[in-house]
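Mind having a look at this structure? Questions to follow.
Chain nomenclature is as follows: A, B and C, assigned in order of appearance, with residue numbering initiated at 1 for each chain independently.
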Amino acid sequence: MIDVRDLVVSYGTATALDHVTLTVGRGELVALLGPNGAGKSTLANTLAGLIPPASGTVSIGGRLALIPEGRQLFPDLTVADNLALGGWRSGQRDPSPVYDLLPRLAELAGRRAGVLSGGEQQMVAFGRAMMSRPEALVVDELSLGLAPNVTADLAAHLAELNRTQGLTVLLIEQNARLAFDLCRRAYVLESGRVVTEGDCADLAGDPRVASAYLGGAIT
Amino acid sequence: MSAFLTYLLNGLAVGCAIALIASGLVVIHRVTGVVNFAQGTFAVVAGLCTSSLLGMGLPHGLSEVAAALVAALAGLLTGLAAIGRRGTTALSALIITLGVGVLAYAVEIMLWGDQPRSAPGLAGSVIVAGARIQTQHLLVIGVTAATFVLLALFFGRTYLGKALTACASNPYAARVVGIDIRLMGLLAFALGGLLGGLAGVLVTPLRPISFDTDVTLIVNGFAAAVFGALTRPVITLAGALLLGVAETMAAGYGYGSHQLEIALGLMIVVMIVQAGRRSAITQEST
Amino acid sequence: MIRLVAGLLVAAVTLALPAVLDDSALAVYILLGLAAMVTVGVSLLMGYAGQVSLGQGAFYAIGAYTAALLALGGVPPVAGLVAAPVVAAGSALVVGVPLLRLRGHHLAFATLAMQLILLSLAGQLEFTGGDIGLQAIPQFSVGSFEAGSASAYAYLTWGGVALVMLVTHNVIASRPGRALRALATSETAAASSGIPVGRYKLVVFALSAAFAGLAGGIYCFYTGYVAPGSFPVLISIQYIVMAVVGGLGTIWGAVVGATAITLLVQGLNSLAALPGMPSYAPSVLSYAVYALVLIGVVLFLPQGLLPAVAGRLSRRREPVRTR
């Protein structure tokens, strides 16, 4: 579904992604871990077609939507309008399918997105991405700045969509515990390179990964 | 009293024309971040076109609409020069629109000469509460009011209008959902051209227009737009009406020779006060 | 070494030209020098302080009116010529304190407004002669020597250009000058590294005004006549075109830009004066040239003509390295 080969992305002279190769199969839930500045968001933006690759190939086998880092809503517009604009590509302007999925959004429909809480904003960003009826979803920092129960709720929705609709998910996270709970496979990105990849179970047992991302051995 | 009312209504008409120019500036600036120096040019182009089209025997209405559409096309071309090339900064774009304004001088002089031209508008006048007001003034006020209502509906109610607002609100997010922000920027320039053209069409019957009238129009329009920090249409409208009334009153009560200084001085003061407030906010937030 | 020879060559040609040019060519030569003087200041302001002034013509006018009023009041012309840049710089300091709180398009419009207000006042006030302006300004003189010929004004003008370039060179080479470089790229970064951004900006603004004032002073003695119509808004735009064409923040670039644009417009003017050309041809051609050159350079040569050519030459000299 997502197939990245030898991807190089640079900003001027600085190289943000250095020969990254990564695949996410159809219906798979894959995590991408890494510290700040590793190039995770650059990869997310490149997958969404917002940054051109310097070399290498990115092929996407279907409709892909991005939930960008920091929500990135339209703060001056209402929730309903934010959702409607999410359907810009797909032509779907009626948000009711998303209201069925996330009923809380129907209650917030008339509110301005800028005044919502972080969790509510993340839910709007989630709903807005779903408006494009994606087959693959790239989620950049789902848990950042959110309370654990809010994160768990959103993660449950992702898992549900994956199970029922076969939604492909690339979860870009700093919170490895959440990633390992949700995904089977993971990649670790550091300084623009993929340093480790494998099954989450193996990675969680890897002492280097455990000390870097789980704050010590997994319990 | 009736003199006061006459000045007030005339001033409102002048303010409405300024408001149309200013609203074009605001639309373009909101969506693209560019201050369009050629905004006055659109009005001049439309005004000169109207006088020619009417002179060629085209009927009223058709001539004015065609002239405004020519201005919209001029807006689109200006946009192509200003934001068509990737990586043009907002300040470079301002200098480019300055260049477009000067280029328009060359074209306008070639097509219409360098003498002011006028166009017939609505003839006659009506008495409103004891004050005589030209029908054309009423037309200006009416068309401006309708335009602002339509603009509000367009930006607040239509999908395309919301997409334009989205570009202004968060350009990155607009790209995330797949909106082509450069295309939206060009649309904003065309809309700005249309609004400027509308101003030109309405004003030409009131005061003759020549190729270099654009400087007066743009500084007045910018002064009004500055009231609304170049982003808020309603405050811009209020600022434009205030400016129009103040200038007309100044002229009416014998200070006419100083009306430009009053308007420009006011604009500078507003900008400096706003700059002071902005820097206070940034200092607090850091 | 090459630079020194080239510099001496340019100086020699500059000095020799007044002797060989006829009066109409000298007029172009003088106006070119005056424009170069102002453009060096505009280039300094835009390239080093990162500010666009659409009102540089105002300081040119202030210099011209100052020198003219003093000379008409019986003050020796030398004193008038010295006063022109001083008064222009003083005005820049006064208006600069509030105006330089503005940036980008706000400052551009504020400086444009400043020039429009000044022109409007000059056109209305009694002592500036209203729209008619000031006439019969005496010739420039130092002691018993009177500058009666165009070539004398050419020397005076280019002496002024040399002075302006020297001052600018010293400003750029000084420690504050290097700090100013940082200002143009990032004001916040400059401020956080302890550079007194506001004061430096004000000084550059005043300096650029002084250059314009000096040019205005020479202009009024040369033409013997000043009026609001001599300083249209377009003149300020013209300086921006020249500065952008030459390359912002380069001293020689400003002179090259002024020369290129002046000669181009002059050439087109003689073309437009050919029989069979319509009467509007001169103004149409000069507007078109200003506009197309400005747009073209901003879009395709954002560094300006001189740095672009110099860059290409040095690239040709060095072997091209591939990454």
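As a convention for this text, a contact is a pair of C-beta atoms (placed from the backbone, for glycine too) under 8 Å apart; a residue touches a chain by one contact, two chains touch by 3 or more.
Keep in mind the model is a prediction, meaning the values are calculated, not measured.
Because contacts link the chains only in sequence, without closing, their graph is best described as a line. When chain pairs are compared by contacting C-beta pairs, B-C ranks highest. Chain nearest the geometric middle of the protein is B, using mean C-alpha positions. Averaging C-alpha coordinates per chain places the centre of chain A 55 Å away from that of chain C.
Mean C-alpha positions place chain B and chain C at a centre distance of 32 Å. Between chain A and chain B the centroid-to-centroid distance comes to 43 Å (mean Cα coordinates, whole Å). Within the complex formed with chain A, the residues of chain B that make contact are 159, 162-163, 165-166, 168-170, 172-179. Of all residues in chain C, only 52, 54, 98-99, 101-106, 108-110, 112-114, 116-117, 120-121, 124, 233-234, 237, 240, 244, 280, 283-285, 287-288, 290-292, 294-295, 298-299, 302 touch chain B in the complex they form. Contact residues on chain A toward chain B in their complex (touch as defined above): 48, 50, 66, 68, 72-77, 81, 84-86, 88-89, 93, 128, 132.
Against chain C, the residues of chain B that register as touching in their complex are 35, 81, 85, 88, 90-92, 94-96, 98-103, 105-106, 109-110, 113-114, 215, 219, 222, 226, 257-258, 260-261, 264-265, 267-268, 271-272, 275-276, 279.
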